[in-house]
Amino acid sequence: MEPEVPEDQIVDLARRVQALEDHLAIYQLVASYGPAVDSQSARAVGELWSEDGVYDPSGVNTYAGRAAVEGLVCREPHLSYLQAGCAHVLSLPQVAVDGDTAVAVNHSRVYLRDGTSWRLERVSANRWELERADGAWRVRRRTSRLLDGDPAARDLLRPPGQD
Amino acid sequence: MEPEVPEDQIVDLARRVQALEDHLAIYQLVASYGPAVDSQSARAVGELWSEDGVYDPSGVNTYAGRAAVEGLVCREPHLSYLQAGCAHVLSLPQVAVDGDTAVAVNHSRVYLRDGTSWRLERVSANRWELERADGAWRVRRRTSRLLDGDPAARDLLRPPGQD
Amino acid sequence: MEPEVPEDQIVDLARRVQALEDHLAIYQLVASYGPAVDSQSARAVGELWSEDGVYDPSGVNTYAGRAAVEGLVCREPHLSYLQAGCAHVLSLPQVAVDGDTAVAVNHSRVYLRDGTSWRLERVSANRWELERADGAWRVRRRTSRLLDGDPAARDLLRPPGQD
């Protein structure tokens, strides 16, 4: 029982478990976005963001605060998307956690029903700046840009945690 | 060593590790479905379900029991899909575990080879009701509906764990 | 406090935590590929592979060693893809770890901007043979094949860990 003190081992394990929990919590945050918007669960969408969090989906309009982000699922073009049939699908993010903040990058796609098939309405690069507040991970800023050849869009996908 | 007894800390850590294991096991269950059907690994498909588990892919026909679910990859339209070239891709699920049961929601897509490209044959909402049996997570019921504007399809994507 | 010795419990927990860490590290490895190639982060792409790792993307040419894999993002057709707008999206992998090696299988898609939408340039089956070296998981061999009806492509998706 000597050179390795169990208490030290427990502290080390607890740190590793916390790192895994952070990682999975961020996966769940990102995985929740698509189902929430496609089921028009406005409140669930808003709660993914910090109270004063920002969503910058295109560089044209920026939505600041939960109410603004929630509002997106209750108006055009989202209402038309829902009526036609839509799927907002987000890929498994690459995540870099640094204490109580984290950055995640991934791809998102909006599939839109078109006749008997679906077309790709949007294919975007995403950079998520996240923060832990009151024990929960939330979005401080999400920036998305269409992958249409714009170099600024692809720069969002640069490896996080190496700034 | 006093106020915090190591044994209590170990019990707490074990509970947290179990929660992480449950979560990852459910990710793996969902991640296994696409590769299994696209490689026509019938037995692997069946084993994702409980012995008497149900797959309700469209609201028209319901498949109850492993043999019925396995049978889907051995007949039309799946045989034509395999011959043409298909990909059943499931997104990272949002998961809510409650003891020995869990609910997961996500999107699935069937890409089908069409000329020199692929078209979206199906884009669906999924709700997975899962159960732990003999230490393994399995599907008790999977319900899928095309995201074609039908409100019942998008309701499947409502946040799990808030019923 | 008798029959269960805390030290044994700690060893058991440490083993379970290591298994979770391996699993998440492999998720992150796979999740990093798409953002790295779409942001033309050549070095980040190369570092996903072992020094002498291999990428066999189509059965025509095979790329051995980091420099060869990095080179793919600096020449055609990748340059044209970046200019048009592209997204390399990889699905959540099914993973089987065996000590210091692992196999992961999943789907990948290349979305390419085409007019005002995107088309599916490639939909592929992937089998990743991974190894742990110096504490990090890296790609020893990645084999990808278009899911165009070729039986060899779908065989890549057979359940890993059951060879």
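Brief remarks on what is shown
When the chains are written out, they are named A, B and C in that same order, and each has its own residue count from 1.
Basically, a residue touches a chain if its C-beta (ideal position, glycine included) is under 8 Å from a C-beta of that chain, and two chains touch if they have at least 3 such contacts.
Predicted, not measured: the structure shown is a model, and the values here were computed from it.
Subunit A and subunit C touch with mostly distinct residues; of the residue numbers seen at this interface, under half occur in both copies.
When the CA atoms of subunit A are superposed on those of subunit B, the rotation angle is 120 degrees to the nearest 5.
With centres defined as mean CA coordinates, subunit C is found 21 Å away from subunit A.
Shared contact sites, meaning residues of subunit B that touch two or more other chains, fall at 6, 10, 13, 17, 20, 24, 91-92, 119.
Looking at the complex, you find that subunit A touches subunit B at residues 6-7, 10, 13-14, 17, 20-21, 24, 27-28, 30-32, 34-36, 38-41, 44, 82-87, 89-92, 111, 113, 117-119.
The residues of subunit A lying in touch with subunit C in their complex are 1, 6, 9-10, 13, 16-17, 20, 23-24, 91-95, 105-107, 109, 119-121, 123, 125, 146-150, 153-159.
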